[in-house]
């Protein structure tokens, strides 16, 4: 009874707040991703995860006074040309109140620089890992739910050192994701922890054979290969060829390698020596909650960046609710809905969040991919865990510091 | 709000069209007037974009540059750099005929792309360069776009008149003569190699300028922008569809193709919600199909090359295989 | 580094990849020679062939090799159909128009593949196959199939071109189209035949690329540039040249990591090509100069 009263009051308050907005309209957000282009294999799951958040919001009362949250999908094709085009259309034609995406750092930088920052629209990217995004002069409008490469690379180095890895070879994809992780890993593992990296080599995407690369990597005598690549792209090809030809005994991947394609194509029985890091919500049930929900709509929770995509969309919805469905206050609201203070909100708990926001209480979103306490640059510190392949998909080995 | 949004979108499209029109004009000099099959537009685009980025962006710790020069210096630098890169390439490759030059220039563009991705000291590697200043970038969203459009249009108009003037001058006649009948032109005492090189360098400088305008508009340049699909093949489609050999055709082609490219997404967004992702694949199909239709019904381009001299009297089919 | 290691990890993978490139390059070189344009949809046609084979494998549960003929026939039919619907009426136009049309076709084929088969990375056979040991040489069975199939297909094509009536007609068209037409060769049939052969080989290239690695919707497109390099390297219009070119590009890419940073591996094909064009502009085996 009390909750219903609260909801009613909240609804009324939201209604008054929205009174200035003409008529009851849907609140739109843009989901912009690299649907076509080089990461085409990753994008659908990321979009689906974001759509799940939108669906939950609408099932549990929508934004403000029951307005529907509508997601508009745009294609950035992973390049700046299409990224800015998609963002411009989302902002100006669809009139979105915020953008979740784009997926690739180049598109993020370009879309932010030419569209969302000038237009004052908040952008939250689930997968743009480039450190350049941190230094954008964005008037506080660019956020991300994926930590900058630096966090993960260093955390992985420390954890591996603790687990006794001493001598490794590093192979990384020659793009912003791969180079960022590899360089952070190298800085921590070699300079700070005095580990040994025998070989450190980049490779291009989409080649048919990496056996010569692997032979070169194996030359230093390391027994462990660290791969910073995508598990449904060249990372999979590389891991397959390494396993088939008996290069290296142990394999470690970044979060891009924790992909369902690795298990479904190579088979869990072959992956006993493979571990990979991936973001996880520290000390909360968030990830399990998300996994259940995502399986419920037929998604695969192990898809790369699915958790960060979900969190980005859910955070966007929370910020919109807090800002009364208007784009102007979203940037400020984003910092308030997830700053480590207030009542914790888990994935899917939209109704609870809505009531608390309506009552004016502080909330703190605990996401599936981490707590997402944004710093001044709109970045999040990561909480990572190391995963191994069990009979039933990926299983947690240890949390990473 | 709705109207303002449309205006903003139109401004954005106009800026992109103007930038692509510059690339198409550059290509028109090379292909339309000199018959040089340059399939490495992306390479010169990249050289221009990165040169201007290095010259005008604020200083950075771990790469060269950050000279914070005014943007005009950056753009001139971009043209010079693209021309300088084009010079040895032209010197070596222009002796290849047509299709060989195409594959050689694709190869060079790919090598340029790999260098840009892999040499952090020069270009900040895969991360690209951000915080490139945009002229009049401090204004509001629409004002800034409008101001930039004015600048880009001014550049485009200036380039158009310059190129048009050259084409109608004796130089243009000579280029067409070389293109259509090389032995005859050679027999007339024209220095074919030198003239070709001239056209190649001139066209490449324009492509560099286009790249610089693109980088400043987005305030960033990353290797992802040098994808052959959007930086080379798209420009080719624009020129052929607009009408090679005709400068107005090149500009019109840029406009038509970019509008198809961009508006097709709005069209496929009308599909039911569940197919939002599939709609993007279908969009590619639509783009391909539109291209087929235009080529089917206007194979000589929307604005064909104007007939000059005795060709006006007796038009003949020109074979350029 | 001992000799066996060089063979196992550099030369053999290079030959396998080179064989796949060769299958694509033969089609490119035939189209170049007879129809006289660069066919940019070749890579995506290969993708289509690979996915048709996947549909057969998953639909009928047969082994991948049994699916190969189906894929070859289907892709050849598609290639002929594309030519009939889209390229045929452009034949009298400047060739560049057809090149642009083929770019549009590439987008359309890719879109069809993405709509029908999705964009997930897939394989014909789940799991990994460890190589067998032949006197120290480590080779997987599918690698043997790849090289053998390439030799078989190209050998058959070569016999066809040199011995049969239609093969001779194709060569005549390639050498001197005007003379060939005058001597009564049916241009239309030669064109159809060219597409059947190019489409079929294309499917084989895509199939073996998928068999040796994975199937992705962009697999063919990313193979396009090295395949073109291989075709030009071998000399335009020379089938055996395309095979040689493919093998050289494949082996050179794999060997390149011994000397240059591995991020530049993808540029190797072009370095060789540029060098070749400089010293011998007609290609390794004397092809035509277009």
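The first chain written gets the first letter, and so on, giving A, B and C; residue counts start at 1 in each chain.
The working rule: a contact is a pair of C-beta atoms (placed from the backbone, for glycine too) under 8 Å apart; a residue touches a chain by one contact, two chains touch by 3 or more.
Because the structure is predicted, anything quoted here is derived from the model rather than measured.
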### Query
In the chain contact graph, what is the shortest path length, in steps, from chain A to chain B?
1
### Summary
Of all chains, the one whose CA centroid lies most distant from that of chain A is C
## Note on the structure
So, in whole Å, the Cα centroid of chain A is separated from that of chain B by 35
### Query
Using the average of all C-alpha atoms in each chain as its centre, how far is it in Å between chain B and chain C?
30
### Intercentroid distance (Cα basis), chain C paired with chain A, Å
38
## Note on the structure
Two or more other chains are touched by the chain B residues 114, 117-118, 281, 283-284
### Interface hub residues of chain A, defined as touching at least two other chains
36-37, 43-44, 174, 202, 204
### Residue numbers of chain C (touch at least two other chains)
114, 261, 263, 266
#### Entry: chain C-touching residues of chain B, taken from the complex the two chains share
31, 37, 92-93, 95-100, 102-104, 106-108, 110-111, 114, 117-118, 233, 236-237, 240-241, 244, 278, 281-285, 287-292, 295-296, 299-300, 317-321
### Task
Spell out the residues on chain C that touch chain B in their complex, using ranges where they run on.
32, 36-38, 40, 86, 89-90, 92-97, 99-101, 103-108, 110-112, 114-115, 225, 228-229, 232, 236, 261, 263-264, 266-267, 269-271, 273-274, 277-278, 281, 289-290
### Message
Show me the residue ranges of chain A that touch chain B in the complex, using the header's touch definition.
### Response
35-37, 43-44, 47-48, 51, 71-75, 77-82, 84-86, 88-89, 91-93, 95, 104-107, 109-110, 113-115, 118-120, 130-132, 135-137, 174-176, 178-180, 202, 204
### Partner chain A, residues of chain C touching it in the complex
5, 8-10, 13-14, 16-17, 20, 114, 118-123, 126-131, 138, 140, 209, 212-214, 216-219, 222-223, 253-258, 261-263, 265-266
### Message
Show me the residue ranges of chain A that touch chain C in the complex, using the header's touch definition.
### Response
36-38, 40-41, 43-44, 174, 201-209, 211-216, 232-233, 236-237, 240, 243-246, 261, 264-267, 269-270
